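Note that subunit A is present in both complexes that follow, paired respectively with subunit B and with subunit C.
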Partner chain A sequence: MSAVARLCPPPALVAIVVAVVVGGALVLVSGANPIQAYAAIVEGALAPDNLPNTLNWATPLVGMTLAAAIPLRGGMINLGGDGQMVVGGLVGAITPLLPVAGPLAATLALIAASLAGGFYAALAAWGQIRFAIPMLISSLLLSYTAVGIVSYLVRFPLRDTTTGLPQTALVPVAARLPTLAGPVNAGMLVIAAVAALVIVIDRRAVIGYELRMRGLNARFAGYGGVRLDRQALGAMFASGAIAGLVGAIVVLGGQFRFIDGALLTPAYTWSGLMAALLAGGEPVGAIAAGLFFAALQTGGFAMQRESSVPRVLTLVLQAIVILFLAMRHGLGKRSS
Partner chain B sequence: MAIPELEAIGIVKRYGAVLANDHIDLSVESGEIHAVMGENGAGKSTLMSILYGLQPPDEGRILLRGVEARFGSALDAIAAGMGMVHQAFKLFASLTVWENIVFGAEPSRIVFIDRGKARREVAELARRHGLGVDPDAKVGTLSVGVRQRVEILKALYRRARILVLDEPTAVLTPQERDGLFAVMRRLAAEGRTILFVTHKLNEVMAITDRVTVLRDSKVVARMNTSETTAGEIIRAMTGRNVDLQIERGAAAPGAPLLEIERLTIGSPDGRPLVDGAAFVVRAGEIVGLAGVAGNGQSELVEALVGLRRPDAGEVRIAGASVGEADVAGHRAAGLAYIPEDRANLGAALGADAADNFAMGFQRDPPLSRSGWLDPAAMAARARALIDKFGVRTASEHGLASSLSGGNLQKMVVARELSHAAPVLVAEQPTRGVDIGATEFIHGQLVAERDKGHAVLLVSAELSEILALSDRILVMYEGRILADVPRAEASEEALGLLMAGRTAGS
Partner chain C sequence: MTDFLTPFLMQSAVQAITPILLASLAGVLCGRVGVFNIALEGQMLIGAFAAVVGCYFAHSAAVGVLAAIVATIAFSLILAYGATVFRGDSVVICIGMNLLASGLTAYLLRAMFDVSGTFSDPSLVGISRIRVPALQVIPILGWGFARQTAITWGAWVLVVLIALLLFKTPVGLRLRGVGEQPDAAETLGVDMRRYRVVTVLASSALVGLAGAQLSLGAVTVFAEDMTAGRGWIAVVAVMLGRGHPVYSAAACALFGFADAVGLRLQGQGLPNQLTDIAPYVVTLAALALSHRKRARVAVPT
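Let's turn to the complex of A and B:
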């Protein structure tokens, strides 16, 4: 057994190597130089000048990874990250415009956005508990609803009439998140702190243990006296709160206003969900996968600028890594 | 000496690194009832599935009447005269008996099934073998014992000369079991050969001619039943002496700790699953709940531990009403529960032993303080229980999935007993557990009683109920038919009640 384990490199490494080889072959077939393309990706993601870009991209992506990983740890799936993020983003954009917002406007906006996202996500859990609506479906449908309503609000009642675009008014400078380096702002520190908290709770807290047991065997957790309903509400609230926080961080850290569609185009929710799925909801692995995807995606933009290879290549790489890891999972299960 | 009907020579089967059958030799004469015994995991099921063509052996040969047989599938085995009655019957509930029996081997006229001929053949077959079955009855309406006859007829219809019966008595009342034994003797007298897979000693002593005992994937003994004793067989199975008698003093029942009143659970098709059940379990007594599987015991237990909400009725634990509470509420009131389904309900197989032992204790010191776990305390607690209950595991950080069935059960029993709860519900506590672990668990249940706790023992094994209980309830079709003190209970009387016959009917 241990001899076999020693012969097998970690699956993630194998998946990445396979993806690099297959992707390289694709580049070669299309007539470009794969080594240059990969060099451009690595350079574009990790060179000192580009690292802030990567971190700035990683902040929301890792945030949405955590949002997906928390319910997943307990065997639940939150497909409504988009909606919760958009709700949080809008709340984050309008809170600083309120007269009550003083010097702590940014903090207040982040808290309000988290609460809004959290309650919106908990709605899906409540629907499952009260009416047995599967959360997988309701979280997704509620997401469409939220995206639609927020889009309406931004186009009509809350639109900044000084521009012709569907966006809210600019938030005051005092309410914006302080910049750290280049595009990187304090939001990164907030997400890093949340990530640390999630890891510590997962490893050491009673609620982390209970959620983990539920993920391994929900019937066992219920039998052991875990209150599953309350737990589902809590996990979904935490997940939605992080999604809402991500929305507000993007708004207050980079765009300074809510622009319709701007939060959804980068598909943070889905990259995050994939990262969380790859790690089965285990937070450290999920965060690592999220960071990897962020680097790959940022590197892809750079490669597209530097060479003739389109950034779709990085999406292909990402897809191969995921497919290969998923396959390894399947094979492992069968042989055991 | 005549050529054996069935011979297996040097059968080896590996699953990865695990050797499930290690050079097994088995020889069975024509007209013989031959028991294959062994504890769980000894390799019985693997051997039977190889003989029936469900999987090929890695090494070894199978000879039928001296000729080597190679089974590519169960169909080959059936064609060669093998028949198997599985533990879980493989019948169509919505079809009639004759339809089930001829299925796959229908007498046909051009493209149509010759219904008349099929019915006649089935009726004739049933009559000839003394297996009273109505060919036109829907299988879904038949009792388990009759369904088993249908399974046997199905094999006979395909001209099986060798019948494999896999734990055939597990689901039967004592009377149904006796009926099955009569059928088995008759088939053997006709020259058919029966392989009887079981772990019940008294049945082996009662009906078989010879015994082959497996232990740790090897054959450890071959005996003529008439020349051996139950003790000798147990020694062969376990490799040691086991005391089958349970030492227990008289019960001293005290205050009622578990009270059930008019408990009713409806079902979609109208007939309630549990129908107005009412009983009491007092401090310091073990009450056995007997019944053939599927008569509402599982639902009753689910309701009284909080996994299912009853439609009517009342449950009180240590005097507190817990009708609307979930499992957490029931546990808080003083309930511990050893579930029948330990792998899917009683444990998280993907978690390590320490995590499994912690469940139910995670919110209280010493395992946690103000919401934060103490991993050292969790590990220490797991180690203490592993030592005390003799759970065989490499360490407290080994996954629960690596434990054998008996050790997993010990883990669940250890955890639930360590609650020191006033009420213990033990559901099939020794199903699938080897004799050594059974002995141990029985001792623990008696110890629990002697501590003044109330124990409700739910078991389909009448021998277990009779050995442990101070009072016995019999459940039939959702109702509690009888409540008899142990001293007045006999296997025969309980068997009749389990079949739904009350005195005078």
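Let's turn to the complex of A and C:
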């Protein structure tokens, strides 16, 4: 079945319409004009001047969508994207400060961040294999733990003492990702390459096929010779590696240092998870949903500027889309 | 050790346990009828917000608590009907509900009070505490309960009541039947769907109370995402207690104690970023240590 057909069929459209109507009612109740608000969203996201902003916002969001989609394809859920992203972000911010980093500092930092995020995520899979701790729970608990520890490190041992803020030292110019157009940087190309890789593996490679089989029926996949434990470790490693990469891209592409809390405020992880859930982990549909959410959120900034409507409204819209699809169409109905 | 276990530490431990305990009781009830409820976090957040709203407009903590219960039940209609009548996947619905709660409370906070982050107002009245001076003389446990809200007392009474309900009454038998063998229960004339809907809604009242305790109990403030993972810890407590209210309560007590010890260590100079993670680390350790006792494949991953 074509991937476009998965996202565009009436159910998704109906869900979006329902979300727009419910959200509009919410705006109306709080005393603003919903049509103005929505117009501001569309213009803020898609007007030619604003398109680079949308792409820049989409880079981490689509990255986190892929991070959520990979385990979901195999029927697993990684709720720990925040922790993995923060671990990757910190590693990405610290690596270029080491003396070993030369002209390849940025590349080195991205690789180190991916490895760190990947191993941290694999820890949750290991907990499930070794101690039967459900990954759904452990990935989230490990995320809270990572966020706390990283926050401590940034506030105390690794803090840039020349500023009064909880942030690390600026990374050298050589380690920053080159900009392409306006706010858009080379990180977008990296995420696009990762996205292409994920799609190819999902469609053409044996491991992609095996992961899909696990998603349809894990016991049957195991019976057919898939080594489920190793597969869970691999899927979680890949998921965490992408999350770590996203963290490093945000740090090296725009903020140039790790600022405590800055990676988590935009809630990329949760929007990414919602986009992945919308498409049931199918990568092309998930990426399309991720781009849609990125446009919605970028437009949300414009809406907040131009009308008095707070931009968190876009989060509400996203949640309504998911809930509506979950109910009417048994979205995410996984094999038992 | 006696230096460490001060009356203050015990009081804050008992206080920290209350919301987790109430939420985990709700989790136990939902789990017993076969609804895997991981929306406790979002339900609690809605309760905490509604409590502050009710209290702000009526200048009464009681109205706040009532508002929390009503709002949480209304919010939980999504899970009650979504997981039964509409046959949705409860994990997906619950994740959606958690995000909806986070977005909706943040939106309404801005729309209603024109603030972001935290909301606190002099007109907010906290839930009054029941003072039992006689308990003050009993070390440790007495210290903990000498000055607590009615919600805290109620939560512990509910542990016993829910255990009795589940294991000593015909209704409890039917409840458990619906979760364990829905087909058999159906054959015996138990309306499975109705039991699930009613249980999810009734249990959500408990989570609403948990939210009210959070925003009007220890402090009188609402902060965005102030539940900070307590709902998830309650989910773990249900798993550790294997769906038994008393064992789950014991697990909650452990986490609440870890929380209070973290606060205490903070007072002794440890940075709060590190002490804040104490409950999560304890939770993970408890899960790892109990793995032999827990049945495998109990929860979908």
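The working rule: the second predicted complex is superposed on the first by the 312 of 336 C-alpha atoms of A that agree within 3 Å, B and C clash if a C-alpha of one lies under 4 Å from a C-alpha of the other, contacts with A are read in each partner's own complex, and residues count from 1 in each chain.
Here, a contact is a pair of C-beta atoms (placed from the backbone, for glycine too) under 8 Å apart; a residue touches a chain by one contact, two chains touch by 3 or more.
Please read all numbers here as calculations on a predicted model, not as lab measurements.
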With both structures lined up on subunit A, is it a clash or a fit for subunit B and subunit C? fit
If we overlay the two complexes on their shared chain A, which of subunit B and subunit C does A:I137 touch? Say first, second, both or neither. second
Vertex subunit A, arms to subunit B and subunit C (CA centres, degrees, nearest 10): 70
Could you figure out whether subunit B or subunit C reaches more residues of subunit A? C
On the A-aligned overlay, A:L98 touches which partner chain: subunit B = first, subunit C = second, or both, or neither? neither
Of the partners subunit B and subunit C, which touch A:G222 in the superposed model: first, second, both, neither? first
Thinking of the overlay built on chain A, is A:L273 touched by subunit B (first), by subunit C (second), by both, or by neither? second
I want to verify one number: the closest Cα approach of subunit B to subunit C after the superposition, in Å. 7
Contact set on subunit A toward subunit B in their complex: 1, 204-210, 212-213, 216-217, 219-227, 335
Which positions of subunit A touch subunit C when the two form their complex? 26, 30-31, 75-77, 79, 127-128, 131-138, 140-142, 144-145, 148-149, 151-152, 155-156, 270, 273-274, 277, 310, 312-313, 315-316, 318-320, 322-323, 326-328, 330-334
For a test of understanding, state which residues of subunit B touch subunit A in their complex under the given definition. 16-17, 307, 326-328, 331-332, 337, 339, 344-351, 355, 358-360, 362-363, 368, 371-373, 375
Under the definition above, what is the set of subunit C residues touching subunit A in their complex? 38, 78, 81-82, 86-89, 91-93, 95-97, 99-100, 102-104, 106-108, 110-112, 116, 229, 232, 235-236, 239, 271, 273-274, 276-277, 280-281, 283-284, 287-288, 291, 294, 296, 298-301
